[in-house]
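Every chain is named by a letter (A, B, C, D and E) in the order it is written, and numbering of its residues begins at 1.
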Amino acid sequence: MWTWFHRLASPPSFYRFADRLAPWLLVSGLLLIGWAVWLGLFVAPADYQQGDAFRIIYVHVPAAALSLSIYTAMSVAGAIALIWRMKLAEVAVVSAAPIGASFTALALVTGMLWGKPTWGAYWVWDARLTSELVLLFLYLGVIGLQQAYSDARMAARACAWLALVGVVNVPIVHYSVQWWNSLHQGSTLLSAEAIANPKMAPSMLKPLLLSMAGNYLFFGAVWLRRMQNGVLLRERRAKWVREIALPADLPNARPLAGGPGTAKRGDRT
Amino acid sequence: MSRLEVHQLVVSRGDRVVLDGLSFSVAAGEVLHILGRNGAGKTSLLEVLCGLRRADSGRIAPQPETRERHWVGHKNALNPSLSALENLQFWAALNGERLDDPRAALAAVGLLKPQQNRPSGQLSTGQKRRAALARLVAVPRRWWFLDEPLAGLDVQGLALFAELLGRHLAGGGAVLVTSHQPLPGELPSLRHLDLSAAA
Amino acid sequence: MSRLEVHQLVVSRGDRVVLDGLSFSVAAGEVLHILGRNGAGKTSLLEVLCGLRRADSGRIAPQPETRERHWVGHKNALNPSLSALENLQFWAALNGERLDDPRAALAAVGLLKPQQNRPSGQLSTGQKRRAALARLVAVPRRWWFLDEPLAGLDVQGLALFAELLGRHLAGGGAVLVTSHQPLPGELPSLRHLDLSAAA
Amino acid sequence: MSAAVAVFRRELRIALRRRAEWVQPLVFYGIVALLFPLGIAPESPALKVFAPAIIWVGALLAALLGVERLFRADLDDGSLEQMLIADAPLALLIAAKLAAQWLLTAAPLVLASPLLGLGLGLEPGPVAILFWSLLLGTPTLIFTGGFAAALTVGAPRAGLMLPILVLPLMTPAVIFGGGAVRAAAAGLPPDAPLYFLGALLALSLTLLPMAAAGALRNALG
Amino acid sequence: MSAAVAVFRRELRIALRRRAEWVQPLVFYGIVALLFPLGIAPESPALKVFAPAIIWVGALLAALLGVERLFRADLDDGSLEQMLIADAPLALLIAAKLAAQWLLTAAPLVLASPLLGLGLGLEPGPVAILFWSLLLGTPTLIFTGGFAAALTVGAPRAGLMLPILVLPLMTPAVIFGGGAVRAAAAGLPPDAPLYFLGALLALSLTLLPMAAAGALRNALG
């Protein structure tokens, strides 16, 4: 197990492993999301209080849950990067940040859209909402910090430190509904007790769970792809990258100049 | 520890490899004068040896201990608001060293009372360099890593430095030093290491 | 203007008088090598001559005009985020000069394409110094005021500098330069000015 | 004049070395705006009362944080020396530097202020006044900050005069700026404070670069 | 340990020599504090509601402006290099630096807070809580700022990065600090937020210097 882990951590084998895994994650994720959307929009009944507005839950809740999970994952990867100086983990941190920021933004936007009909305002300075906004800024901080350094390795390790320290905000977001009397509703789904005996009608719950699973898989696929790009860019001078990224019958072809746009796997013909 | 061995050292800056598999060794009592064109990697090498920068690969054995080495880099490590004396005392306290007579150390590099007490931001280039070199006198340590210590020193400064160097070597110390000018003084145990790769 | 005369110049730093009634003159085609112990006031003198610092009294006649003089001080005037090329172009624009071929000027001091385009914070000490000296090549001006221009230059750099200097003097320029090492190259019109007052 | 243009473009170039640099000020203001509501109860009506003050404090902060670095880097690397002896009036160069600074740090705030204002619960009328007051007031803040930075960059002792010199310029900008918005919110004409802001603006644009140039020369000479 | 003491004493000594840099943040803090009471009608109840936020944001500003230059000077003159390779744990040295910073920038504010609080119309009960919450919270602010400064000091063009990193990290302290005072003002027990502040304090005093040390080593290596 440990040796397997070690081998996987080497960039070329990770690259090939991810290459095989990512398409499966992507396809299954999209299928699940599609199924959930169909069930959620056309099969599930309208809510007796909120009418059809509640259906935004199928986007909001998975996005919000992912926004927290991704930050947590980043900090775990960050810890690995800092303790074992593992390059792959460094790449993992910086490639997760933009995805996390997107999901956070999505959670915020869907939340705001949902807030208008239910609370009568797009935005209130409520603890849950505010701390989620802080989370977005933390993600943006990671992205900005990465760009502030000219050395990719240093940048990634700085981001890892930030991810580690910033993770204190994650429990604050999650428990904000309990610690402050909040407008936002409490955890009815995402807690151990709630999973044991759900309070939601099964026809509404099922699409939600499907959508959750689909989004996680989708995230996995995107993360792997971004990590692949990151690894290629980092290792652009290594032999294995040239073998992958350059046509074999062009021996004089120059190594990749770098830049995210050039490091695509599609270059192999 | 009387010998420092460096094996197959690889050091890169940004994404260029600056030192590509460098090996050498230095023994007690020796001066290693590191030469090389501008950008050859002299500063980078010393920084790696001092533990200020990580090498990509290679081995340094035994890595000199903190309390056994001196580092005087391009920068003098003088806070401009504090005097040369205060800076020296702070440096000693930082390293847990006791200074018996810091003023004597400063005088040994040619900084007299008025220059010792003035905020070091008000010293001239060469005077600042001397204040940095005073650390070598104030606390005896076996390994000296010096990056262009002669920069800015006047003729008298060079003579003082030559004297210091001679005393240090006689006492069994070793020196790794970069400099674009020849080292002053009689140095029987002088060896050269030329890094002249084009940058 | 083909002669710079300095009369009874008095310059003080803080409340100490550093130069106390200095007089000398420099003519076109000459090099004045300013010598002196650390802290003798060489940098202060050049700064006064360039208009960066006020003299307490004395006369400089005629004060060289901005567009007629070059100043390369201890500091290189390179913004670390900008490349050597961009720094050179900015300097030219600041002074209303047009550069025909800035890249050639950088190449003339030994900075090739990769070093021209890299953020100058990522250059080595000697490479930075060269980037500063490129200003001398890029824009011809009659008066050069150079404060330790040789600091950090390698052997090839010294040779390049000697060449520059020779060409400048042949063209009727004049140079006031401080340096603790002898100036490189054949300089028939070299004169010395020794400020060696104890500081 | 072309020298001033060169300084302006250089500042922008240094700042824009990084992709997406322009997002930074916006994120910054977002965070500042968010801080205040955090300190108080969520839907307190006090928020609305304080909205202009909050936004003005954001502008003040940006002015402070940005100009602090303004001369420091140039002093350290020696570029400032070259500017001092360049064949161009120093005051003009400083004005160009400050203008670039305004564009980079304050202009985004001015543009985003309507959004921030609405987010903090202001009505559209006062929001428009907020926008204009910021447009008139932020250059004063930046120029005053630049002057303060020039004073402190070289001469340690001059700094003690700082409060005396800076307070009379910065406080009025902030007070009148807030005042204009409050007047608008109360349905009163906001012209008087706006005129005052305009006067301050004219004063600071013309006088402060010269004062800063003098301070810098004095600090380094 | 004696190395940490040396760092602490050096910081104080430098600060006393460079009083100008000192006055600047205080002046600006003064402007901010002045601005709020002036900004609204004298007896508006809004002021009272906002008092804790004003004081807390003031503390935050002081922390932010102060840490900006925390490592910069040492980086420039090379002292930081010597600290990195000194025979003393870097985290300890950083903690000493930050402790000195707290004493210089935050302690005066903590001491003045009762006065400020009463001046802004708070009752004595909440004022006491305000004092304690600041005492517990300001070290967290300074240490967080120090960590962010360590992250950005090596970056060639950090721009507004520092405040962007600092402010979100500081929000928890502001949330709990404001919360405690609000609870006290509402007659509720303020223990819970104070405990949180205490926990944050313990966390940041122990962990952040280590994180800052790691970040610094990374930024310079």
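By our rule, a residue touches a chain if its C-beta (ideal position, glycine included) is under 8 Å from a C-beta of that chain, and two chains touch if they have at least 3 such contacts.
Please read these numbers as outputs of a predicted model, since none were measured by experiment.
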Touching chain A and chain D alike: which chains? E
Looking at contacts between chains, which pair has the highest count of C-beta pairs? D-E
Cα centroid separation between chain C and chain D, in whole Å? 38
Taking each chain's centre as the mean of its CA atoms, how far is chain A from chain C in angstrom? 56
Averaged-CA centre spacing for the pair chain D and chain B, given as whole angstrom: 45
Using the touch definition from the top, which residues of chain C touch two or more other chains? 74, 80-81, 119, 122
Give the residues of chain E touching no fewer than two other chains, as numbers and ranges. 17-18, 76, 156-157, 159, 161, 164, 167-168, 171, 175, 221
Could you list which residues of chain A touch at least two other chains? 127, 130, 134, 137, 140, 144, 148, 150
Touch list for chain D against partner chain E, complex: 14-15, 17-18, 21, 24-25, 27-28, 31-32, 34-36, 38-41, 44-46, 49-50, 52-53, 56-57, 60-62, 64-66, 68, 76, 105, 148, 151-152, 155-160, 162-163, 166-167, 170-171, 174-175, 178, 182
Please name which positions on chain E make contact with chain B in the complex. 2-3, 5-7, 10, 13-14, 17-18, 73-74, 76-79, 81-88, 93, 220-221
Once bound in the complex, which stretches of chain E touch chain A? 144, 147, 151-152, 154-159, 161, 164-165, 167-169, 171-172, 175, 179, 192, 200, 203, 207-208, 211, 214-215, 218-219, 221
Taking the touch rule as given, give the residues of chain B at its contact with chain E in the complex, in rising order. 50-54, 66-67, 71, 73-82, 86, 90-91, 93-96, 119
Which chain B residues qualify as touching chain C in the complex? 13-14, 36-39, 43, 74, 110, 115, 118, 122-127, 129-130, 148, 151-158, 180-181, 199
